Structures are given as structure tokens and as C-alpha cells.
Amino acid sequence: MTNENEMKDPVLPLGRPTIGSAGNTGTWRSSKPVFIEEKCIKCYECWLNCPEGTIRVDADEEYPYVDYVYCKGCGICVHVCPKEALEMKPE
Amino acid sequence: MTNENEMKDPVLPLGRPTIGSAGNTGTWRSSKPVFIEEKCIKCYECWLNCPEGTIRVDADEEYPYVDYVYCKGCGICVHVCPKEALEMKPE
Amino acid sequence: MMTEIRILSRGGQGGVTSAKLLAKAGHIDNKFVQAIPKYGAERKGAPIYADVRIADEHVKIHAPVITSNTHSWIILEPSLVETIPFDELKPGTIVIINSQEIPPVLNEQKNLKIGKVDGATIARECGLIKSGTLMLSTTMLGAWIKATDNLVSLEALKKATELQFGVGSLTDSNIRSIEMAYEQFEFVN
Amino acid sequence: MMTEIRILSRGGQGGVTSAKLLAKAGHIDNKFVQAIPKYGAERKGAPIYADVRIADEHVKIHAPVITSNTHSWIILEPSLVETIPFDELKPGTIVIINSQEIPPVLNEQKNLKIGKVDGATIARECGLIKSGTLMLSTTMLGAWIKATDNLVSLEALKKATELQFGVGSLTDSNIRSIEMAYEQFEFVN
Amino acid sequence: MSIKIPQLLNRPDVLLRGNFACAGCGLSIAYRTTISALENPIVVIPACCASVIQSLHPNVTYNVPTLNIAFAAHASAASGISRGKKRRGEKVTTVVWTGDGGTYDIGVSTWSGAAERNEDILHCCYDNGFYSNTGAQRSGATPRGAVTTTTPTGKTEKRKSITRIMMAHDIPYIATASVGYPRDLYTKVKKAAQIEGYRFILIDAPCPTGWNSDPAITRELGRLAVQTGYFPLFEVENGKLTFSRRSERVRDPERRKPLEEYLSKQGRFKQMTSEAIKALSKDLQREWDLLARFE
Amino acid sequence: MSIKIPQLLNRPDVLLRGNFACAGCGLSIAYRTTISALENPIVVIPACCASVIQSLHPNVTYNVPTLNIAFAAHASAASGISRGKKRRGEKVTTVVWTGDGGTYDIGVSTWSGAAERNEDILHCCYDNGFYSNTGAQRSGATPRGAVTTTTPTGKTEKRKSITRIMMAHDIPYIATASVGYPRDLYTKVKKAAQIEGYRFILIDAPCPTGWNSDPAITRELGRLAVQTGYFPLFEVENGKLTFSRRSERVRDPERRKPLEEYLSKQGRFKQMTSEAIKALSKDLQREWDLLARFE
Amino acid sequence: MVQTSEKQKIELLTGNESVATAVKLAKPQVIAAYPITPQTTIVETLSKMVAEGELDCDYVNVESEHSAMGAAIGASLSGVRTFTATSAHGLLYMGELVWWAGLTRIPIVMPVVNRSLNPWNIWPDHQDSMSFRDAGWIQFYAKNNQEVLDLTLCAFKIAEHHKIWMPVMVCLDGFILSHTSAQVSIPSQKDVDEFLPPFEPLAILDPKDPFAHGSLTDSQGIWEQRMSLIDGFENSRVIIPKIFAEYAEKFGKLGKNMIEITGDINSADIAIMALGTLGEEAEQALEVLNEKGIKAVVVRLRVFRPFPRKELITALKKVSKVLVIDRAVSFGNAGQMAIEVQAELYTHKIEIEFHQIIRGLGGMDVTYMEIAAEVEKIM
Amino acid sequence: MVQTSEKQKIELLTGNESVATAVKLAKPQVIAAYPITPQTTIVETLSKMVAEGELDCDYVNVESEHSAMGAAIGASLSGVRTFTATSAHGLLYMGELVWWAGLTRIPIVMPVVNRSLNPWNIWPDHQDSMSFRDAGWIQFYAKNNQEVLDLTLCAFKIAEHHKIWMPVMVCLDGFILSHTSAQVSIPSQKDVDEFLPPFEPLAILDPKDPFAHGSLTDSQGIWEQRMSLIDGFENSRVIIPKIFAEYAEKFGKLGKNMIEITGDINSADIAIMALGTLGEEAEQALEVLNEKGIKAVVVRLRVFRPFPRKELITALKKVSKVLVIDRAVSFGNAGQMAIEVQAELYTHKIEIEFHQIIRGLGGMDVTYMEIAAEVEKIM
């Protein structure tokens, strides 16, 4: 192979940002946070403290919700909610 | 050679303390400190400040002298003597 | 003769300990054994597996078990049943699950020997909980011994448990859970 | 044809520069050259040597000069004359010393061509002193050119000196010292 | 400057969901909060849990350019990036993101050199007080008395004061922050981003796995550390130290929550005798006193 | 405790005459004074001029057991010796003997780790403010404005404050000393020898070759450094700093000799503009002020 | 059935526990080590032994591997038996001092738990230890946990033999051995004490008899030391098998030779060469091959440094083909073992069909079936 | 007589000045290096060039070699041409990152000014660079100062070729080249600009298109990257000679091949192999041998990585004897070059009389007369 164009390109150690790189981490959970809309005051404290980014908010002024595909069920959101608008439930 | 006693011993990287390891460093000198006994008060300041250890004192209460074999002629002893009991002379 | 067993669990549930205990039991029974935890970079909670080999001679193999060779599977975490490559298993392979119900995907496996035991309930009853997580390492082994017709002896497993946890209440609880699982295990096909 | 020259000096006196200057002069004269300082771990003041090769063809040798091959020796520091392995030198080897007197050991060497110049005085007269040390790098080369019958040209050496020290009084002093040494050098046998 | 959440909600995630971190990981919170506060960050990560949670090649869960590098090469690699990007005329924030092991132990020379050169780098250290990635071995950050897998009967030396060591390097900005107070962290990062030169932020980041604590109380542990005086929050700007509001409030030891409240929630402190706790308290108070000299 | 010369005269030399050091070398004076003050020293030397002046194998000019070791491994090798000798029940003083390069730059991690473990080591750094062994390149100790072969137009960063960095490590004893005052150095070494744990002595050691100064004035340069306030002498015992008499005397800048007197005697400062000198003065005064906080 | 003897007890140990057990029996006085996956459990187990007083020893909690080896060198020269362990980037980070220990003859024992190098990967291959094959260290590669223990114990005796006096690396495959439990027979402390007497230093830093170790050395001095190192390796070629034999006699486990031949080499058509667990995996492949009528043997280098020339040639002379499986690469040329085996065959003008493959990089599984298939391919 | 051309000027340069001159012509944007004898004057010369504005570049005054290579990796990935240089223990101390750069493909150019390893010795041998022959770096060995300059310039183009994209080490013998002045012909900036276009990154850390470089990678990923590195070396076997040829055509200096044969190989009885200056010294030995009626040639590997297999075999096929002179040792086996040459000869079943010696360790002088004598001995 003396033609440079036919030579293989280097495989560089580049990883590309991908949601769910570690798989559906929601399956790691043994219990899950459940949202109680009535109590929520949209303070987004849950969003701020969730380590996973699995408290989602689609736009300002909207209610947060949980991305269960990836939420690991740590319970932090429940713990930090000032209004008990989240609670842990077994899977 | 299967007899362990006949085997060579390891040559370890051990250097032994030896005066003049770098040769007769007195030859590095272009001028030399000369001692003037009359002026000396045996304060041993020259001894204390000589980097080489070439100001020698055989015993307490004796006059210092210079080991010309190794004295590099830096002139510090001359410089630090409070009594001008040392002076530099060209070789 | 060499028996290869794979244990599926989540990090933290005790799957790796389970493999060690089973190997230790085999050792006590004078078998040659290996316990091979497959370490990934995953953290607590992620699915992991561990392999056990029990043999009549010194085991020279070091690669993980080849799924088509497995004799039995022990599933500590029921949801992981989805990860079993059923196509590759040979007929008659034993699959034991910690569950009250047999999940549909298992029910479909007509060529395998499927069994269940409610390990979670047993462990809970025996007080095998640490920081909120059920410790299932021993329980499911009780079931496995029953399922395999004492491929290693119950005695050996109990002895291994004692060696692992020392004499005391923790060992007692684990031994109770072994016994209960041994009793309650049933094949469903 | 290849000429091999060794320069003896003390660290700080300019022996290494001397070798470079001589090589540069050779270069200007369209010769092939090498200047090889032999670096030791010694500090300022210790004896050092530097070699120069001047040849008509590209020099392929990288080892230091072999003393038995040397064409000439330039001694910046007279006391170092003691370190010359006279036994190994071939008859007719030139030895040039910076001294008013020929030291006895040199006087004994009947087969060599011995010459002297009072480089120290010349350098002092030309003001080539830096922090109390005489800078002898150029002076002795003037003598060498005379001794070797212009093996490289005086012009080339002056040019090299200018390239080394830049246009200015330092170069002027050096050139003066070269000229003086060239004038004053004499063989003693 | 205070964090306004709505401003942030619509920013792209910097740490994507579905990663390898343990549930309740403090490092993840610290990373999300810090990196979201920056414009055009380029992050250098040496060996540590942060090099694992990004998950397996060819996929990663960091959504910003990231250079993984050898354990002791973080600040040097960042120096190279920072210089190179300036040469290219690109405005970026070069971030060093290390654990305490990388900052307190193996990597001291590399950052100390970069600090001396005053490289334009924001050095963030998430501090969980040991080597969580390799299974909870002692680090220079481990407090006296804590059990780790290499100090099975409790560490006998005190925790290294990395902030005072940094201060002695005379860099323009130093701060401590905590995942217990993400707004405070965010605000400090924003401020640091405005400054040129070597900047350092130490972030207390609970590790439920290694500390043997309930994942749900990660934030609470962060707060307790501040409220008990275990982890003082402050900023040092050009050599002048200011305690942050929450720590200023507990400057008087009397006003602190009892240290035991913090310790008792973590497995690593379980075995501590009351004497050991006293020794730890003494270390902590001494640190407060020394810090106060720089006010 | 003050040095009595007659006591010492009959001690065997620790540095034998006929070595590779340049004439007038400050390091040699520092070494002789320091090591003579110790009973049963074992000296660890990383790459530096001190590893060269011992001369060529199989002869050496150090008359005490010496371990030569890689540049960045001094304090770790010393840790091993100190531990091993304790195990063997032999009472020795394990000494780390480094240049400023080994202490301020490449070897920071190794000593920082040893200091954190509070290893029983006496760490002495002879400071000539650059890498003399390799031909005068900049180090972290090079003062702002000084010319080195890697800062041909003068260093643009300030000198690292290694003593404050050490202090932040909370080790039991720290001192600065100078070959300008060998008695003071000797006394401090004697004191340090009585203390257990990690101890540090920084020794100002002029290098006539690299500084381009007259070898005869090595002691004078050492003294001028103190008298001009360039190099303050002090001790820090368990965190408390005390200026030594000679520096206490020049605490008031008015009482100091002009800095130029010191600078003008050295080639490395020759090119400095008066502005550059002012910048250096400012660095020095700032250091004094910061040190004073620890009194 | 598992064999037991009176003197020895058999326990289920991971490879790392086997190391720790051997170390405990060897009674070092200073251990300095830094954690790195998959070596970590060695460090942890030893820390625990020391903390609990089971092992009377200083454990130095250094801040890096560079310092681990620095401390080990210092400790050894202070006159005590010294131990450390590492893996992958840990080995690289201490690299400067690995060379220091090798070239200045410091008798340290160090397991290297083999792991792949960067980009980050924690799984086994031999790139780490192979890259130090020049560095003046004796190198062993263990095939199973029993050999890990046996070789570690022998390593102390070999390193400290006064005609060798060199550091020894005991290489074991990460995870495959380090974290896998298997039966290991453990000698009694009394027997080990007999086998391995207390540390007897050849040179010791001592104020009463000062020397400088490793001082500036001229060309001649370096030349002498390097030649002596070459001699030391020659000596070790004789002494290592003797010590192995002594160990085997005492404890009945370890093979006596620097290479292990499994199968009947006199009737074999092909030799399979592989290091560490791949070697034992290849033994299993023999059974598969046997069924297919292929007569193969495994020629495993238990010792890679010194390179066991004579034994290797004696063995390979008898076969007509060889397949060398490397688990590392000298990038820009080929597998390191393949290169060296070829060179040896060339020296002795042994013409056999030579095959080489690279397998198992970055922890890729290599099964006996795959090995058998590779052999089949070339038969 | 010295040849001059219009385009090039000839100057008297030390080897280190040759490096610095080449670097200046190559216009890197970041240099990060740490001083160590005998590399120091490279660092100093470049510092001066930067300080005086001759070279528009950031010079990072790092605090160690580990950091030098760390900074170089960071700078390269930031998207600029990057340079560093080191020697001996400097190379060892940056070892972890040398591997990092090699295995993750960072196109850095680094001269290694060859120097012996510990105990302290500053004189030349090849132990330092040889010990990194596995590490995924292309390696050149220069025979004289001209080649130092030529190879350094080519190194940038080769490292940055998109089908290679690897770091390159240019090895030059310490003192023998680094501090010795000799004539070097220097190409013009304009010509070099043509030969070496600006840095064109294959991957760049960029907030607009984020990726993670070197993240945790499973076995499969490592396998792919390692195989790609092997491919990269294969590519380089083709591309390096092309670039050499392009350079030779432009500047008329450098030989075109990865190996250089001096003498008439078709009539030669023996080939002498040696790296770097020993290679040129051997050329001089040819004259001595010729006088004695011995027909010898020098077969010098200008490129050691990739190991120039084909060229080597083509050459050695034609002789009946070879003498390999190594200036380094793989302790416990033999000289590294000797091992690899033997392996290659074995692969190609070329039976010639093989001789190997080790010379010049720790800076021992090796003269052409000594080389000639060694050849005579075996004729």
C-alpha cells in the first residue's frame, strides 16, 4: 500500500458527548422520586441539586419532571424539596 | 560457571570518602592566600568561612595555615579576616 | 467435570461476595474452584456479573466463562434477566431468579430449567439489610444448592458463610436465609 | 588531510571559545571543521581541553582526537603542560605555550616543535580581563597561526573573532591581541 | 451576583444523564454547577472519579471539550492548552478539574509550578477527602481519625491545609465552596472566571459510596460540614481572606452545630472515640484561627 | 546556644578538600556548616551542584553516608531511610540536601507528601535562586527581574515563597539562614536536630559562577542579602515566627542598606532598570509583611 | 481433589491476597506503596495487616509511585527488607526510579499487577511491565495464584542473593489473577523462615562507615557497573533455578525451571508460547488440540528476565513450529517476546516455522478455544 | 571543500544549535521544556530566540519534564505546533507522558539528547531513548549535526502527516553532537515554509465541537486504537522515505531512505550496523578496513522506529557477515538493536554470520580504529 489515500486514518481516542453513555441508568434504581404537582412552587431546588440532570424542566415557569430512564433514585431531590412535592416510592 | 563461589560479586555504585577526589585543586588557583602570623588573633573566622576546608588548624590555640595543595584561591579567607592577617598574592 | 456458574447483580447487592462464598463452599467440599468477579469501571448500582467455576481438577482456564458453557445462572436482581443471552445457553441450563413471579422473558425459555425463590423477602425477614440495600449474597446460594441437587453441600456453604462473616448474629442470619431459600426454592418447569 | 589540535586551559579561561573560533576561522577558509569541547562535570577553574579538527573533507570522526594523531597543542594555562602525554605524541608535533619561559618538562621534548608567546601579558595589555580572569581565547590562536605557517588565515581568524564578539571594542582588543601574538610568537627549537 | 435558576434552565447540560457516577454523587453536583457557570470551558481531568463517571469511549457524558490526562499532569496540560488557545486567539476558560488526590498529593508539583508561572487556569478541586476512585484510600485531605482502606484504624495525621498552601503561592483568587450550597459555588465560579491568572476553588463534595452515607443526604452533609465548622467557606482575593456569609455566621464555635452531628452520618467516622473527635476538633479550630490571620 | 569554634576544629571534615566545587562556592560553606552540626547524619542528595561537587566515583568528597537519588525523589528516599533506621533501632539524622530547584520546583510533591506524613527528616535547601548545575536556568526561587539563561531578559514572575508554603504545611520547625552568618546557621541546625518530625531550613548560598560575582565576596553577599532586607532571617516554631536578630534589626526598611548595593555586585542583576528594581523591592516588602503575620 | 499437606494450608485467595500473604510471610520491614487499580487490594490488605499488628512493619503512605520507589530505595539502603507494588501508570510514574533501582542494584521486590496503559483502561495486558524489560530488573510472570505466592516468596530470596542483588518484578495479570479467587497452598511461617533468612545487606548507609551511593561516575565506572549487571544476570541464570528447586523441594509447588513445558515436547509438533495466565490458558488448549490429533506443548517463560536462553533453545529445538502469543507490542516493530525468541532462534540457527500473534491488549479476553483455533490454523 | 548553494547558508553549529535552528524554521507556537545536561543549550537557545522576538512562540518554563510533556500534549491538542526536548533522566521522568503522547497520538517533536542513565553520568549512550522504543514514537538517530537539523525539520512534517499523526523523537548523541560544532547547511525560511505548511490539527479541543480525549476505554476500544497505531507505523514506512526524498530534493542533504548504506554493498563481505554518530564513525572505519583489503559497508538505521524491516533485509541479504554495535543493553538479554536485527533475519531466513558487541556505554569513547579492529577480529 503505497498510495497515501488508501491508507487508514488514525483512530484517535475521541469520545463524543452522548446521553446514556452508561446505559439506562434508571435501572440502577430501587425506588423512585414521584412528583406531586399540587405542592410544587417551581423553586427548582430539585433541579439544582440533582447530580444526574434527571430533573428536567422544559422551560422557565414550567413544572419540573423526572427522566426515569436515567434517574438513579438517589433521593436528593426529595430531600431538598422545600415543599415535599417529591416523594420516594419503591419501583 | 555453576559454582556460586566462583561467580563475580556485584560492583555496587559506592564511592569512598577521599581527600583530593577532584585532583590537586590547588592548581586551579591563580593567586593564593598568604598568612601573616603576627597579625593573627586566632579567631578562626577564616576557617569558618573557607568553602574548601583548606584553612587548617591542627589544634585549638594554634595558628591556622593554608593547605595549598587544595586551596582554590577564592579569597574568602582574606576577605573575612578581621585583622588583615591574610592577603592574596599571585601564584 | 467442571461447572460454570454466572451470578448477575447490581454493584452493592453482594453478587461478588456470593461468587466467593460459592467458591469457598466448593473448596470446603474439596473441589477445585475459581471465583471471578468481572470488574468494570461502573459505580455502585450498575449491573455486574461474577463467575464461579467448580471442578474436579485444577482449573487452568482464566477467561470469563463462556455463556454457552454455563451450567447455571443466579439472578440477584430480577430486572437483569433481560441481559441474559438466552440464544447462547445450552438446553438444560439452570436459571434461578430472586423473584416472586417468573418474568415473561424467562417463561418463554422452554429449554432451560427455570426456578425462583423470593430471596428479597427472605433476606428482609432475616434482617440482611445494609444502608437500605438488601444483602442477597447468601440467600440465593441456598436456592442454588437446592436447584443443583447439592452440587456443593449445604454444610460447606454454611461453613463458608461462617468463615466469611465470623461467628455471630450476622452469620446466623445468613445461615437462616440460606436454609429458608433452600426450603422455598422451586423449579417452575 | 586532517589536522587535529588540542587546546588545554582552565574552565573560564576561554579554551572552549578558542576551539570554536579556530574552527570558525577554518570554516571561513572553506575547510571542513569540528570543534569538540570535552565536557566534564568539573566546575570553573578545573583543567579542561577542547579539540579542533580542520580537514579538506567532511569529518566523519566523532571521538575525541587521539593524542598520537595530534598536529598541535595550544596551552592557555602553563601549569597544564604537565598533563600532556608526551610519550604518545608523534615527532614534530607543535606545542605552543602561553608563557614567558619554557617550562623544563617542555624543554626536554626534543622531538617536538616547541614555541611560546607571553599571551598573558598581551591579553592584559589589550584589556582582555573579565572578573579578574584573563580571556585568552583569541590571543593564543594568533600564535598558533604563526606557528603553523597560516594553516588557517589570519584574515579568517579576525573575521571569526568579529562574528563571535560583534563589531566593537571587544573585537578590536581581541584582534589586536591576535596580531600581537602572531608577531611575538617564537619557536624555541 | 447571585444565581438565577431560570437563566440556567435552558443551558445545555454539561454532564449528560446516563453516566457512571454512583447515585447521590457529590462530585457530579459540583461539576454540573461549576462548569455550567463558565463560557467556553475546556476541562482537563486527571485520574479520579471524574475520569470514570464520563463513561466508556467512544461515548462520554461530558458535554464540553475534555482532556483526560495522567494523574500528575493536570495543571501542566492545562498550561499548554491555555497558552495554545491564546496563540490561536481563541477565548476559552481552561479548567483543571481534579479530586483531592490530584491536588493534595501526586499533583502538587504540577500545580505549584503553574501557580508560580501564574498560568491562566481555573483549578477546581472537588474534595471528598480520599481516593474514591480506587476504593477509599487515604489522601492528604483525609481528616485525622477517618478510616480509609489504607488507614484502617483511622488516619494519624491531620488534613493538609491546601488552601493555606495555595495562599502562600500568592495567586489572585482562591475560594472554598460546597455542594451543600450550589448557588454560592456558582457565584464564586463566576467571579473567578472574570479574573486572569491562576485561580483555585476547593469544593467539598460528599461521596456517599466511600463515606458510607445515605445518597439522599449529600446536600445535607455539605451543609452540615459548613454549619459544624468542619469546612469553612471563604474567598481570598489578592491575599485578603473573607469568610463567606454562612461561615462568618459560625465563626464563634458556640454557634456551630455539634461536630458529631456531621460525623455520625458517615461510616468513615463511625469508629472514632471521643478523644479522636476532640483531636479532630482541635485541628479544625486551629485551621480557623490560622485562616483568620489573612482577613 | 552559640557556635564555639574550638569545639569544632577537631571534628573530621564533612566535605573533604579537593572537590569539584567552584572557588568561592556558597553551597560548600552551607554544607560544611550544616552537616558538621549533626550527629550521625545520613544525607540524601538529588541532582544539583551538590551532587557534582562530591566528585567522581569511586572517590567522593563527602565524608558522611550519602545517598544520591533522582531529582524529584529526595524526601521520599529520606522517608525510606528514616523509617528503615528506626526499624533497625539506629539513631541517625536523615537529611535532605537540595538546591532550590529540587525544593521549589520538581520536588514539591515529594517533600509536601513527606511533610504531611511528618516524616522525621531535616530538609535543608541551599538556595542560589536558579539551576546552577545545568548552567543558570530560572527556578521558582529566581527573583523577579533576574537574568538567567531561560529568562534572558529578566524573570517576569516573583520568587516563590517557599517558607510560607512550608509554614502552611504546619511542620514543627522552619528556619532561614545564610552562609553570610555561619554561626547563626549552625545554631539553627543544632536546634532543628533536637526536634522530631519534618523540619526545614532554607539557606541563602551565593553562587559566584552563576551570579557572576567575585568569589571572594561570597560571605559579603550573604550578609548584604540580609542587611538589605533581600533575604530575611527567621525561625518558625510550631507556627510561630520570630525574626532572627540580624533581620529584626532591619525590619524597618529605613534601616536597611540600599538594595542596589546587593544587586550591583552580581552580573545577574546588571541589566535591571530602576523600575525593575522597584518591582523587586515591592515583592520583598510584601514578603516581609506577610511573614510578619505569623509572629 | 485438592491436595493438602500437613505443613501447608490451602486457602481461597485472590492473586492480590496471594501477594499479601507471601509478603507477610517474608516479613519486610518497610513497605511503601501507592494505590492503583488493580493493584489496590495488595496495598489495602497489607495496610490492614500492619494496622492489626499481623505484620510488624512500617507502611509508608506515600503520595505517589515516584515516592513509593524512592522510599523503597532509601529503606533498602538503610538496611531492611523492602517491598512495594504497582501497576500500569503507577509503574510509568515511578519509571525513573525503577531504572534507578535496577541500575544501582537495589534488591526490592515489586509485583506489577499487569494493566493496559492509556487512554484510561484498567484491564490487563503486559504493556506496562514489558516496557521495563531493559531496566535491570529480574522479571517473573505468574500463571495462577499459586505461582503468584510462590514466585513472590522466591523473589525475595533471589533479589537478596549476594551474587544477584537486584530488584525483582513479579508480574500477575490484573483482575484475571489479582481479583480472582482460587486455591493457594500456603507454607508455614516456620518453613518460610528457614527458606528465607533475615535481610543481609551488601551495602548499608552507616555513619560509622560512610560511602556515597550513586555518585557522579565517569564512563569507565559506568562501564564496570553495567558489565557487572550483565554478570549479575548471568549469575541469576544459575541461581534462580536453584532457588526454585529448593522452594519446590520444601513446598512441593513451584516448577524448578525458568521455563515450564507442559506436554510431551519430544513428540510435539508445535510449541505455544505465552506469558502469565495466557500460558495456563494455553495448557487448557492442549486438551482441545489433543482431541483433534494435534500434538502441541506449552513453553511458558516463567522468567522473562534474565531471558532464559538455554532452556528455551533446548525446548524449541525439539519442535518444528512455534506460535508466540504476545500480550504487548513494541510499536513500530512487533511483539516483544516474539522478537526475542526469534533472535534466540537465530543465534542458535534453529530453523522452525515461526508464528506470532498479538492478543489480549486492553484486557481483551483470550480463551483456550481461541488459542486452539490459532494453532489449528497453522497446522 | 565546503559546498554552498544560493538558497542555503552554511554555518558552524553545535548539534543543539542545529536543533534550535530547525525549530526556529519550523515555527512552533508552544515550546515547553525543562533543562538537563546535555540538552540544556537547546532550551537556552530557544529561550533567547523567543525573548528576542526571533521566534514568535510561547515558551513555557515548566517545573519538570513530566510537566514539559504534559504542557506539550495540552498545547498540541489546543491546536498548535508543539516542541519539547530532553535527555536521560528527563526522559525517564516524563516517561508516563511519553507513553501518553505515543499511545494517544499527539504529534509532538522531541529531540532526545542521548545520555547515560544513573548513577549520575552526563555522557552519551542510547539507554535513554532505547528504553522508549515500544512507546509509540517514531525514532530517528542522527549521525552528525547536519542530520540533526534535517531530521528535526522532517520530524515535524512526518509527525503531523494525517496518515501518521504520531510523536517523533530525534535522537542525537550528547556532547558528541550536542556540544560539538560542525558545518551545517541551513535552508531558507521561505523554502522551509513551502516544505512544512502550518499546523493542521486532526483533532482540536473546541467548545464549539466538544469531545473527550483519552477517556476511559473498554478492551475493544483499546484494541482498535492499538491496531490503528500499528497501521500508523505501517503508513509511516511508506511516508517517511517520501518525505525524506522531498526534503533531499529541496535541500539536497538528507539521504532518502530510512537506512543509509555507505560503501558498495554488492561487493561487501561484512556490514557494520551502529546508530547515530557511531554509524558515521564506522564509515571512517571503512577506510581503514579498505586499506587492509576488507570489504565492509555501514548499514545505519537512521530510523529505528518504525523498524525499517524491508530496507534492512534487502541490504543484509547481500552480505555474509554483520557486526551490530549497540550503545545500550536490554539487561538480562542483549543489545536492543542486535536482538531486533536477529529477529528480522530469522523472519526472512537469512543466514549470515552474526556478531554483536556493546560499546560506548556511559560515554566510553568509541573510535573508528576500535571499530575497524572489531571487524578485523571476525574476518
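Should a chain be cited, it is by its letter among A, B, C, D, E, F, G and H, assigned in written order, with residues numbered from 1 in that chain.
Note that in this section contacts are C-beta pairs under 8 Å (C-beta built on N, C-alpha and C of every residue); 3 or more make two chains touch, one makes a residue touch a chain.
All figures in this text were calculated on a predicted structure; none of them were measured in a lab.
The chains that touch both chain A and chain H are E. Each chain's centre was taken as the mean of its CA atoms, and the one lying most distant from chain D is C.
Chain A and chain B have Cα centroids separated by 74 Å.
Here the spacing of chain D and chain H, counted between their Cα centres, is 34 Å. Centre-to-centre separation between chain B and chain D, using Cα means, comes to 32 Å. Chain geometry summary: the mean Cα position of chain C and that of chain D are 87 Å apart. The set of chain C residues that touch two or more partner chains comprises 41-42, 45-46. Looking at chain E, one finds that residues 20-23, 25, 51-52, 54-58, 60, 62-63, 68, 70, 72, 104-106, 108-110, 112-113, 116-117, 140, 214 touch two or more other chains.
Counting only residues that touch two or more partner chains, chain B has 13-17, 22-23, 25, 28-29, 72. Every pair of chains meeting the contact definition is listed here: A-C, A-E, A-H, B-D, B-F, B-G, C-E, C-G, D-F, D-H, E-F, E-G, E-H, F-G, F-H, G-H. Contacts from chain G toward chain C in the complex involve residues 1-2, 10, 12, 38, 122, 144, 173, 175-177, 179-183, 277-278, 280-281, 283-284, 365-369. Residues of chain E that touch chain A in their complex: 5-6, 9-10, 13, 15-26, 28-29, 32-33, 54-63, 182-183, 208, 214-220. The touching residues of chain G, when paired with chain H in their complex, are 89, 92-93, 95-96, 99-100, 102-104, 116-121, 123, 127, 130-131, 133-139, 213-223, 225-226, 229-230, 233, 304-307, 328-334, 336, 338-340, 342-347, 349, 351, 354, 361-365. Per the touch definition, chain G reaches chain B in the complex via residues 104-105, 162-165, 202-203, 210-215, 217, 221, 224-225, 227-229, 231-232, 234-235, 238-239. The residues of chain H lying in touch with chain F in their complex are 34-37, 40, 43-44, 47-48, 51-52, 59, 61, 63-64, 89, 92-93, 118-120.
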